[in-house]
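Multiple structures follow.
Below, subunit A partners subunit B and then partners subunit C, in two separate complexes.
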Partner chain A sequence: MITIPYLTAVSTYFSYGLLFAFGQLRDYSRRIFDWWSTNNLHGYAPICLAHEDFYIRRLYHRIQDCFGRPISSAPDAWVDVVERFSNDNNKTLKRTTKSTRCLNLGSYNYLGFGSYDEYCTPLVIDSLKKFSPSTCSSRVDAGTTSVHAELEECVAKYVGKPAAIVTGMGYATNSAIIPVLIGKGGLIISDSLNHTSIVNGARGSGATIRVFQHNSKAILMLLHFPPPAHLERVLKEQIAEGQPRTHRPWKKIMVVVEGIYSMEGEICQLPEIVSICKKYKAYVYLDEAHSIGAIGKTGRGVCELLGVDTADVDIMMGTFTKSFGSCGGYIAGSKDLIQYLKYHCPAHLYATSISTPSAQQIISAITVILGEDGSNRGAQKLARIRENSNFFRAELQKMGFEVLGDNDSPVMPIMLYNPAKIPAFSRECLRENVAVVVVGFPATPLLLARARICISASHSREDLIKALQVISKAGDLTGIKYFPAAPKKQEEVKDTIKLD
Partner chain B sequence: MDTNLVEMFRAGLNWVTMALDAPSARVVLFGVRIQWHIFVEVLLGFVIVILLSQKSYKPPKRPLTEQEIDELCDEWVPEPLIPPITEDMMHEPPVLESAAGPHTTVNGKDVVNFASANYLGLIGHEKLLESCTSALEKYGVGSCGPRGFYGTIDVHLDCETRISKFLSTPDTILYSYGLSTMFSTIPCFCKKGDIIVADEGVHWGIQNGLQLSRSTIVYFKHNDMDSLRSTLEKIMTKNKRSKNLRRYIVAEAVYQNSGQIAPLDEIVKLKEKYKFRVILDESNSFGVLGRSGRGLAEHHGVPIEKIDVVTAAMGHALATEGGFCTGNARIIDYQRLSSSGYVFSASLPPYLASAAITAIDVIDQNPELLVKMKQNIALLWKGLKDIKGMSLASHPESPIVFLKLEKSSGSTKEDLLLLEKMADRALKEDSLLVVSSKKSFLDKCRLPVGIKLLVSAGHSESDLVKVSESLKRLASELLL
Partner chain C sequence: MYVRALPTTDVNRNTEWFTYPGVWTTYILILFFSWLLVLSVFHCSPGMAWTIVHLAHFAVTYHSFHWKKGTPFGDDQGIYNRLTWWEQIDNGKQLTRNRKFLTVVPIVLYLIASHTTDYQHPMLFLNTLAVFVMVVAKFPHMHKVRIFGINGDQ
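Now for the complex of A and B:
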């Protein structure tokens, strides 16, 4: 929970109100203007009603240049952002051939595998030449190659479970697996901040869905409540009540949580959630999209960081896009579970199998992380991302920014709140050659717009210091330093210690 | 006698009236004399008011106590997460040791591959491998971000432009996974309350999209235009034509589950008559049907503007991964912000996008690949014409050659096991990879099951002869 200053809340509501009023005025005048020109739909219903895309047309198009920026190089620590221009007030944007080299604080490149890697890329090119980009077939027909079999074993060993199944897209993994495991008559209890793929999978399954409040550590310490209190209350109520209307007992209950929440940067309280689920005999589904490979001593994710035994988590899911620089998703569980999924999961039976070079990239990345390629680059990367995240977060907090997220998490949202600050911050940073990501409604609640920084292991200390200078300048210009800055005296003392 | 009784009655009545009048004999209120009946009426009025103000009877509420809740929680026993594993679930698919081209290696043996949707034989093509290698060296493997947050690489934009140019449509949007294309596009345009008329044989991706859209779905008989016409007629007469109610027809160009080809010209005629919009899935017809491979619209001579939304998975003729959707600019623009599989998912790896561009270039420059593939299909049909126990159920021009079981044993499970045995024996004895139908319990399609053969331009005549002989032999051994 974020406590928004009163004045900021008032000014944010006012800004949105003004934008909304202007938008409605323009819509109204457009309707009058169009009344004269004939409607050429010929009896078809409009494919999109006026109020459905009001937000897109009147609010989003104004700041469209802050999103969807194309790049023309690999998403590494420094990236070439293509310049775009618009002739019609940001409604359409056209590419130019020029590009600017910017520091990349927006890509999910936690361990630095997002570009040419000296160990991984030659192996990937070899597998490309041997197996070609795609198998054009689903896994059960002719889409399983030796690389796929090796990949599943490798992932299972890395995550710490007996077996694993791999699909070609992280989003589709959730949408296709949850309906197989739980159906009508079951209950899914999901965290209020879960990702859209989990929500879609849960809706597609036909089970009843209940939401529990995401308890952040900050508010818990404030209120002295035991952690996930709301989860326990929801579980108790639901088991006692049973299915809606018939009150029959539930067939099974599944609690779905994520490792790191990408919009808050917070790590879930896994030990407490697992103990509650054990007590009430619910199954735990852990989505480690952002945390696998990025946190924990050997990068094995939130279970390693918080000391939870992987046998206690029934289903562990994750994606390979963020830390391994590839694509696809996996589910790890017991051997029986994976065998059952392989027989019934639609993504396994009907969809094209994951591209073989991508699979090879994952295997090579895991080899590097575990140090099995003979060098200690993996351990260096893991140590560097931890150092970088903690350094960056501490410096931002010292400057007075409101930064969310826990220690060790490489995702750092900086609160902006006002809608006008969203494009201002983004454009100012781009002018100084730093590429940041800003998020507003509907990915976040209406009042809580933020800029999200993703730190990578390939950022060097100089890169981070430059980024801090630019962000500080942009922050001063937009007025987002909501907290008082740490007094300068402390910094001088730190400097003297460094010189020693 | 009578008069006595009447006299007595009258006296009694007089006496009662006097008794009742007595109390109010001298009452005068507001200048009006109050009679005794006023009191009765006032009493009645009070009784009515009291009765009306009473609350109706409700049984008392007794919420569960903490102890009862705890007891219920202790008693509750969940079902196991998965049902027990049976013998047939342990079946392992064949593991390939080389590229999935027309010939591949399984367990060290050379095997003829009829299970890859590699219709134009582009797997292993040098131009594709070259462009992929240069893309890998430049961009690495993954794109590390969704399209909105620095995941848009110039290769993606080039790919979208290339596909638009190839199909002569205004705009295209790329998806990162073939299966997610349909189940992200449909919920984008179809919301609760809209009407969708879909073919009953559509594949799982489309079914999932229909379910997620929460619209009213009506199925029509597989590829039957009369059934479609009567369904549309029924819908249009039942509902008053509401101005804001959107209506769609969803069909596949070449059905994955049966190999039939949809008669697009008739669908377009029906759509224009009843004012429906068409969403067409061209996964298995892009690069295959039509004189130059431009899909079903070219095959039937229908201008592509008449189809409102065209989607396709690129994991078939284009020998790469991912999917795309084309249509007019408004539709594509809307999807860029509201399609969940596009906004909330990482973008396609750049080397696969550059493979798609090269594949389309190859199709443009080599129209003889299409001719070869069509010849192969015709040859295979000739070879399989008199197979016993199965019949050819697909369209003669479709690259998916579907042999359906003529006599079903009654249970789909038994049929699937039999077909699996047939495919296993084809692999073991004759070194042939064929596809036997597989069904997940989530799949609602009820079409007949059978063996699928995916014909490629890279197959030689001897391959086709081999597979026909093998299947005829196995069918006569196992199915009679």
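Now for the complex of A and C:
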């Protein structure tokens, strides 16, 4: 739920219009130039259509140095960012051998498992020596080790479902499993802000896709509607109409939502969505990529936070890249569902299984989180990430920034809007040794470019205070404090004179 | 003064930006400021300036709304490669508020241009031709129609 100053909206459209106009002019002059020179295609068709990479060539390449920065150390609270330079106005970037130590506000290192951990790393190194980095086989051939079996049990127990299946890549978990679960004649109702992996999986399945409006809590409080109104309306309409053209009843209806939306930092309204789906007999697919391990009292994700029984959510999906410091993804569900997936899912049958040391890292991370290694580091990490996120968000909002996201969510996007502020904010922060991630069109809507901050449990209070100072300075320079700053109450009390 | 940006259900990133607040105002302001620019650069009469703005608006919007097909980025894997921008907005639904606004703007520009030039030739002829082509291109019946195969697919 985003509040934009009207003047900013108008100036943002104007800026993009200007950028597109200049891009088109340059394209035309390039085409006139190339008319005279010979082309070296030798009869082959060009690799991409001229208009398809217009955005990349004319807008993205100009600010390319803000994206894809290589790092040369583990993504801990502080990270070494490799310096790059360009001789042709950012069309190509060359790496140097120097790197700067920057405060890392961009990695999804929610619980601090992204670097050396005193319990996990020795176990992972042992597993590396015993099993080797890759299993060199798919799960059904020779790629299932005892660690894989232990991992699937461990994940199922942690998430609260009877069984789980683990794949080697988080993105592929969505794009390979959704086509197996639902096909032609089925209906997928997906939230408008869902991740590209879900969109690709849904498109690849052949089912009909309908999108429902993402209702955040703020909109609902404003509109006094019973939540989520749009989802219920879409479900009613689609069930009444049936399949397109034949109007036969749908074979299967699946509603796909995410736990925390990574671009907004908002938590979905799971209890309401689950009750609506029960009423209309639709399946619920919950993607917990950013919420597993990061929210909830014991880190079990959005179900624990919102008090939803895991038996009500039919398919729970998650990734290990964010909170567990590893790679890969999982699907947890009933025993029949997982058995079916093991026979049919191409990510299980043909793709190489998850690397064994990575699997060991996940098992050790879950052990630490649950406190089964004998210390209370897991509970400390969970408490620290909650404290850090709430402190950081409150301070940013006090300074006058527009920060999205609910309380307790470790992802906080700061709105930038104008296309020129995207590189300005990013470069200014890097100059002060703070590494942030900025996102623009087409990953976000055109108007709503943002800088996304991810807080980690390994950030100390001093790190956060330094980050706040740097962001405040960069924010003043780029003019992104769209809201009035909260007045400093302490100083007012000091200035008053005590009357006896 | 703040506005609320409600999330849309349009999956096409190429046209979704048109549903956010502030677009109509920006469009009208760009036209007004380009009229001022033309007046100051060419030192012509106001009517001539409006004619120039109208014809330039025709050229730019015809090219970008009704000629260019597809999207300027490759993320959607080319599913809109056969549709012009006009055919993509609002998911192909006809006669929505956005489409009605975009049809009215060239007509209003035409009326202003012909009034301020006192309906003289040759400006009147050029303006009328421009507005005729613009409005016919926006009819609901012209959705996905390619006359004589002009701008059709290979």
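Please note the rule applied: the second predicted complex is superposed on the first by the 488 of 500 C-alpha atoms of A that agree within 3 Å, B and C clash if a C-alpha of one lies under 4 Å from a C-alpha of the other, contacts with A are read in each partner's own complex, and residues count from 1 in each chain.
Simple rule for what comes next: contacts are C-beta pairs under 8 Å (C-beta built on N, C-alpha and C of every residue); 3 or more make two chains touch, one makes a residue touch a chain.
For clarity, every value in this text was computed on a predicted model and none was experimentally measured.
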- Message: Which partner chains sit in contact with A:A383 here, subunit B, subunit C, both or neither? Use first/second/both/neither.
- Response: neither
### Message
Going by the contact rule set out at the top, does A:P179 touch subunit B (first), subunit C (second), both, or neither?
### Response
first
*With the two structures laid over each other on chain A, which partner does A:I4 touch: subunit B (first), subunit C (second), both, or neither?*
second
### Message
A:L128 in the overlay: touching subunit B, subunit C, both, or neither? Say first, second, both or neither.
### Response
first
Discussion item. With both complexes superposed on chain A, which partner does A:L447 reach: first (subunit B), second (subunit C), both or neither?
Written reply: second
Could you say whether A:C48 touches subunit B, subunit C, both of them, or neither, answering first, second, both or neither? both
Between subunit B and subunit C, more residues of subunit A are touched by B
Quiz item: So, does A:A149 touch the first partner subunit B, the second partner subunit C, both, or neither?
Solution: first
Now for A:I56: first (subunit B), second (subunit C), both, or neither, which partner does it touch? both
Can A:Y13 be said to touch subunit B (first), subunit C (second), both, or neither?
second
Subunit B and subunit C footprints on subunit A meet at residues 48-49, 53, 56, 196
Per the touch rule, the subunit B residues reaching subunit A in their complex are 64, 68-70, 72-73, 76-79, 81-83, 85, 88-91, 93-101, 104, 113, 115-118, 123-124, 128-129, 132-133, 136-145, 147-154, 156-157, 176-180, 183, 189, 203-205, 208, 211-212, 242-247, 256, 275, 277, 308, 313, 315-316, 319-321, 330-331, 334, 336-338, 340-341, 344-346, 348-349, 351-352, 355, 433, 435, 438-443
Residue positions on subunit A within touch of subunit C in the complex are 1-7, 9-10, 12-14, 17, 48-49, 51-56, 192-193, 196, 199, 211-214, 216, 219, 222, 230, 441-442, 445-448
In the complex, subunit C touches subunit A at residues 1-9, 11, 13, 16-17, 20-23, 25-26, 29-30, 68-75, 78, 81
In their shared complex, subunit B is touched by residues of subunit A numbered 42-49, 53, 56, 60, 67-76, 79, 81-82, 95, 104, 106-109, 113-117, 120-121, 124-125, 128-137, 139-146, 148-149, 168-172, 175-176, 179-181, 195-197, 200, 203-204, 235-237, 239-240, 249-253, 280-283, 314-315, 319-322, 324-327, 336-337, 339-340, 342-347, 349-352, 354-355, 357-358, 361, 435, 437
